[in-house]
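Common to both upcoming complexes is chain A, partnered first by chain B, then by chain C.
Let's look at the complex of A and B:
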C-alpha cells in the first residue's frame, strides 16, 4: 500500500481494495518503525489521522469525495495546524500550539486528505540541508550519512521513504526543489501568489511559496489543484481561476521549446549531475522538443541579492518572537531587555541568528540603499532576464542542484558553500516564477533532479512536461534501499 | 533679541472604522483587556494583514477636504522596533509614499486675518497596544485591544509661529475630522493626540533653529502650555549663549514643564522597508470621485454660507460652524423659527451657556432644536417676552416639556388685554402718589420706575412697550 501514488491510492479506495483507515494505520506504523532512522517527522498526529480517515471512509462509502479523499499526507511543520504543535523546526516554537489552520491545511483537509503529522525542517526554513532544525537533522533515505536537502528535508525524506505518498513543502530559495532533487522525488514551487501564505509561518514574505512534494507529476497536479487559489486573508495571493492541472498532463510535447541557460552549466556543476541532465534532454528531444541555449546574464547576482532580501525580510518577520506573548521565554528574566536578549538568544539557533544579523544590517540607516534597494533592483533585472527568455522558449531546464546530496556536517561550517547549493533555484523565487524538480537519474549512486522553470502561472505546462518525462522514464519509481 | 518660534504639528487621529486596519477585530473602546485582539493583532506566527477599505476611504476624504493630492500609489512600510505592546516587533505605517500629500488648511488668527497652513502629508498606520504599569506589582501588563486600530497621522509644514496658532490649527483639524465623520476626535480616549516640533530663531532669519519634539499631548490647553514652555526654555538657553539639543521631550501637565525623553543619539533606527505582506495601495481617479461625492459641506464653506444666507457676522458664523453638530442644530432652529439672527443669539447665548455650565455636548442637549424653535416662535408672536423666554428655556432644560406646555403650566402668557393692564396701572398710580407728583413736575425718568412696578405686578407677563405707552397716557391725564 505504501508504495502507491495518490492517483493509485484514490483508485484503490474507490474500488474498496482497502480503506483509508487501513492505509492510514499502515502508514502510521511505518512512520513509527522507520522514522527513528530518518527523523523526518516531528509530530505524528495519530488520533486525528485515524478520525480523519474514518470520516473519509464514510464519505467514500456514500460515493462522495474527490481524488484526495482518504489520502494520507504530511505537512511541513511550517504550516499552522489547529490544536497541534507547529514548531517551524525551532526551539522558539517548541511549545506553540497553533489556534488555527493554515489555508493550505484547511484546503487539503476540505479535499479529504488525512494528516499523518508534521515534518521536520530547517529552523524557520533557513537552511539547505535540514541540519539547522532544533529537532536534529533529517537523514537522506538513499544514504543516511547524507542530508536530504532543505529546508523541506523532512517532507522530502518522508515521501522518498514511502512514509506518505505526498507532503507539503515551502520554497523560499529552493526549499522544495533542492530536497526533492536530493531525495529523488517530484517537487513543485508554484508561482508566487498561487498558493495562500495564510498560516504558513513567514521566513521571507516576498519569496515564500507553499507547494506539493510527491512522487509523480500527476500527484503534484492533484495536490496543487487542492492547495492553489485566491485567499482573501493573504493580500499577495492572486485572484485567478485554478485550472484542472490534471487535464493537460498528457498533451504531446511535439514542438516544445526548451531553453538551457548557459549560466546553469558552468563551474561548480558536478560532471555526473550534468550527464544526467543531458540524458534527460535526450528523452525530451525524442519526444519532439527543440532544445536551444539561452542566456540569463544576471544569474550570478541571484545568490547575493537573495542573501540581502531574504535576511532583511526575515529580520523583521522574526521580531515577533520576543518571549512576550507565546513561544519560548527564558527563565527568570531580570528586566525587559534581559527577557528579549535571552529569549531570542536561547530560542533561536545559529543560522537563524546569522540571517537576522545580516538582515538587520542590510536595512540599517546608511546601508539600506546600498544593500536592500540594490538587491531589489537586481531582482527586477533577473525577472527581466526570464521574461526575455520566455519570449523564445516555453520552459527552461537545467540541474536543480549542482551536486548530489552531501554528507551530514560537510557544509555546516561553511555557510557560503551551503548557500551556493541553491544557486540554480534562488533566481526562480526572486522572479516569482513556478519551478519543478523531477528525478532525472543517479550520480554517485544518489538521485539527481532536473529543474523545469516556467512562465508565471504556467504550472499546468510544467506538470505536463514533467508527466510526459515520467511516462518515458522510471527514475521516479526507484525506491531507496531499506524502504521498499 | 526678538525671537520667532517655528512650530510644526504631527496629529494622530484614530479613524472611526468598525474594525481594525489590518484585521477584523472590533475597535470599540473600553472592552476588558485583550478581548478585542485576534490572531492578527497578537502577531501570531503565520498571520497576514489585510487592509481595511473603509480606512482608505477615510484618508481620501481627509485628503480631499484639505485640497491635497491623493497618491495613485502609496506604500505600507514596516517600522521596526521592539516594545512589549508592539506585537509584531514592527508597526505597519506609510513612510516614503503616503496616501495624502501637499494639503492646506486655513486658520483664523485673533486679529481676524486668515493664514494658510501647509499639510505636508497624511498617512495611514496602525496603533500599538498599551502597557499598563499600575496594578501589576513589579510587572507590566499588556493590553492589545488598541493594537491595529487605524490612525491617520497628519503632518503640518513648520508654518505655525505661536502656540496660539498651533492650537488654532489643531482645533481646525479636530473640527475637520469630526465634520468628515472619520474620527470621533475623543481626546480623553486618545483618539486625537499631537506631537509638536518646536524651534526658535531670531526674527527675520531664514534658517531654522534646532528643534525639539514634544510627544503625545492630548488636549488643546496642554499643547498651548507645552509649546509656550518649550519656546521660553529654548530662548533662555540661546540667550545664555547655549545651544538647544535636538531631542524628544515629554510634557508633564502636573508640573507644566517638558522633560528630556531621548536625545538624537539615542534615536532608534527603525529600518523602514516596504511591507512585503501588503501590495502597494492603488487608488484610481474613479475611486477618488466616488469618495468626493460623499464629502459633506466643509467648515469654511459653511461659515461663508452662514454669513451670506443668514446675515451673520464672521465671528458668529465661525462660532456656529465650529462643529458640524452645532451648525446642524443652529440651521434647524433657524429654519423652524424663521428668524436666523434670533436663532443665532439663542444658540450662542442661552443654549451654549447651559451646555458649557454642565459640560455637555450639543448632542446631549435636553432642549432639542425643535423645542428651541418652538419657544422662539412664541417670542416672535409676542406670546412671551424675551425675558420670560429665559424662564421658559430653563424650564425646558429641566425637562418640564416644550415651550407651550411650560407657558401654559406656569401661566407665562403675556397680558395684552388693555383693560387688564389699565386696571393694574391705576393701582400703581394710586399707590405711588409722591412719584406721580414728581413725574408730573417734569422728572420723566421716573417712567422706568412705573413700568417696573407694573411689570412686577403682572409677574413680567405684560408687554413692556404696551405698558410704557399706556402709562404715559394715564400719567399725562
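Let's look at the complex of A and C:
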C-alpha cells in the first residue's frame, strides 16, 4: 500500500481494496518503524489521523468525496495546525501549539486528506540541507550519510522513503525544488500568490510560496488543485480561478519550445548531473519538443540579491518573536531588553541569527539604498530576463541543483557555499514564477532533478510537461534501498 | 564590507539578539563573507532601473473596514509565557 501514488490510492479506496483507516494505520506504523533512521517527522499525529481516516471512510462509503478523500499526507511543520505543535524547526516554537489551521491545511482537510503528522525542516525554512533544524538533521533515504536538501527536507525524505504518498512544502529560494531533486521526487513551487500564505509561518513574505511534494506530476496536479485559490486572509493572494490541473496532463508536447539558459550549464555544474539533463532533453526531443539556447544574463546576480531581500524580510518578520505573546521565553529576565535579547538569542539557532543580522544591517540607517534598494533593482533585471525569454520559449529547463546530495556537515561551516547550492532555483522566486523539479536520472548513484520553469500562472503546462516525461521514463518510480 | 567585533555587537543589539561573546568572531567572519557575496551586485549600474518589490507589481489589496474577527483572547493567551487577568506580563518597565 505504501508504494501507491495519490491517484492509485484514490482508485483503490473507491474500489474498497482497502480502507483509509487500514492505509493510515499502515503508514503510521511505517513512520514509527523507519523514521528513526531518517528523522523526517517531528510530530506524528496518530489519533487525529485515525479520526480523519474514519471520517473519510464514512464519506467514501456514502459515495462522497474527491480524489484526496482518505489519502494520507504529511505537512511541513511551517504550516499552522490547530491543537498540534507547529515548531517551524525552531526551539523558539518548540512549545507552540497553533491556535488555528493554515489555509492550506484547512483546504486539504476539507478535500478529505488525512494528516499523518508534521515534517522536519530547516529552522524557519532557512537552509538548504535540513541541518539547521532544532530537531536535528534529516537523512537522505538514498544515502543516510547525506543531506536530503532543504528547507523542506523532511517532506522530501518522507515522500522518497514511501512514508507518505505526498507532503506539503514551502519554497522561498528553492526549498521545494532542491530537496525534491536531491531525494528523487516531484516538487512544484507555484506562482507567487497562487497558494495562500495564511497560517504559513513567514520567512520572506515577497518570496514564500507553498506547494506540493509528491512522487508524480499527476499527484502534484491533484494536490495543487486542492491547495490553490484566492484567500482574502493573505494580502498577496491572487484572485484568479483555479483550473483543473489534471485536465491537460496528457496533451502532446509536439512543438513545445524549450529554452536552455546557457548560464545554467557553466562552471560549478557537476558533469554527471549535466549528462542526466542532456539525457532528459533527448526524451523531450523525441516527443517533438524543440530545444534552443537562451540567455538569462543576470543569473549570477540572483544569489547576491536574494541574500539582501530574504534576510531583510526575515529580520522584519521574525521581530514578532519577543518572548511576550507566544513561543520561547528566557528564564528570569532582568528587564524588558534582557527578556527580548535572551529569548531571541536562546530561541534562535545560528543560521537564523545570521540572517536576522544581515537583514538588520541591510535595513539600518545609511545602508538601505546600497543594499535593499539595489537588490530590488537587480530583482527587476532578473524578472525582465525571464519575461524576455518567455517571448521566445514556452518553458525553461535546466538542472535543479548543481550537484547531487552532499554529505552531512560538508557545508555547515561555510554559509556562502551552502547558499550557492540554490544557484539555479533562487531567481525563480525573485521573479515570482512557477517552477518544478522532477527526477531525471542518477549521478554518482544519487538522484538528479530536472528543473522546469514556466511563465506566471502556467502551472498546468509545467505539470503537463512533467507528466509526459514521466510517461516515457521510470526515474520517478525508483525506490531507495531499504525503503521498498 | 568587512565587519568587526563592534559592528556585530551593534547589529546584534539593533536586532535584540543576545550573542555569546565567544561566538562574535565567527559571526563577524560569516557575515563579512555574506556581504562580500552580496556586494557582487555593485558590478552592475542600476541607476536607470526602477526597484521591484512585487514580482507582478501588484499593490496592496484593500478591504472594507469591517469587523471580521471575533474575540479569541483566551485561546491566544493560552499559549503565552505569562498572563494575568487577560494581560501579558513582562518585567517592570516604569519605576
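In the analysis below, the second predicted complex is superposed on the first by the 484 of 484 C-alpha atoms of A that agree within 3 Å, B and C clash if a C-alpha of one lies under 4 Å from a C-alpha of the other, contacts with A are read in each partner's own complex, and residues count from 1 in each chain.
Keep this in mind: a contact is a pair of C-beta atoms (placed from the backbone, for glycine too) under 8 Å apart; a residue touches a chain by one contact, two chains touch by 3 or more.
The structure displayed is predicted, hence computed values, not measured ones.
In the superposed pair of complexes, A:248 makes contact with neither chain B nor chain C. In the overlay built on the shared chain, the residue A:232 is in contact with chain B and with chain C.
Chain A has more of its residues touched by C than by the other of chain B and chain C. By the touch criterion defined above, A:374 reaches chain C but does not reach chain B. Of the two partner chains, chain C is the only one that A:334 touches; chain B does not reach it. Using the contact criterion defined above for the overlaid structures, shared-chain residue A:1 touches neither chain B nor chain C, since it reaches no partner.
Contact with chain B, but none with chain C, is seen for A:80 once the two complexes are overlaid on the shared chain.
Contacts of A:326 after superposition: both chain B and chain C are touched.
Of the two partner chains, chain B is the only one that A:201 touches; chain C does not reach it.
Legend: residue contacts after superposition of the two complexes on their common chain; A:300 is shown touching chain C, with no touch to chain B. Comparing the two complexes, residues 96, 99, 206, 232, 235-236, 315, 319, 322, 324-326, 336, 340, 360, 364 of chain A contact chain B in one case and chain C in the other. In the complex of the two chains, the chain B residues touching chain A come out as 39, 42-51, 78, 80, 82, 84, 87-90, 140, 142, 269, 271-273, 276-279. Those residues of chain A lying in contact with chain C across their complex are 95-97, 99, 192-193, 206, 232, 235-236, 238, 298, 300-301, 303-305, 307-308, 315, 319, 322-329, 333-342, 344-346, 348, 350, 353-354, 356-358, 360-362, 364, 371, 373-381, 383, 414-416, 419, 430-433, 456.
Residues 79-80, 86, 88, 93, 96, 98-100, 102, 197-202, 204-206, 232-236, 312-313, 315-316, 318-320, 322, 324-326, 336, 340, 360, 363-365, 368, 372 of chain A touch chain B in their complex.
Chain C makes touch with chain A in their complex at residues 3, 7-8, 11-12, 14-20, 23, 27, 30-31, 33-42, 44, 46, 49-56, 58, 60-61, 63, 72, 75-76, 78-82, 88, 90-93.
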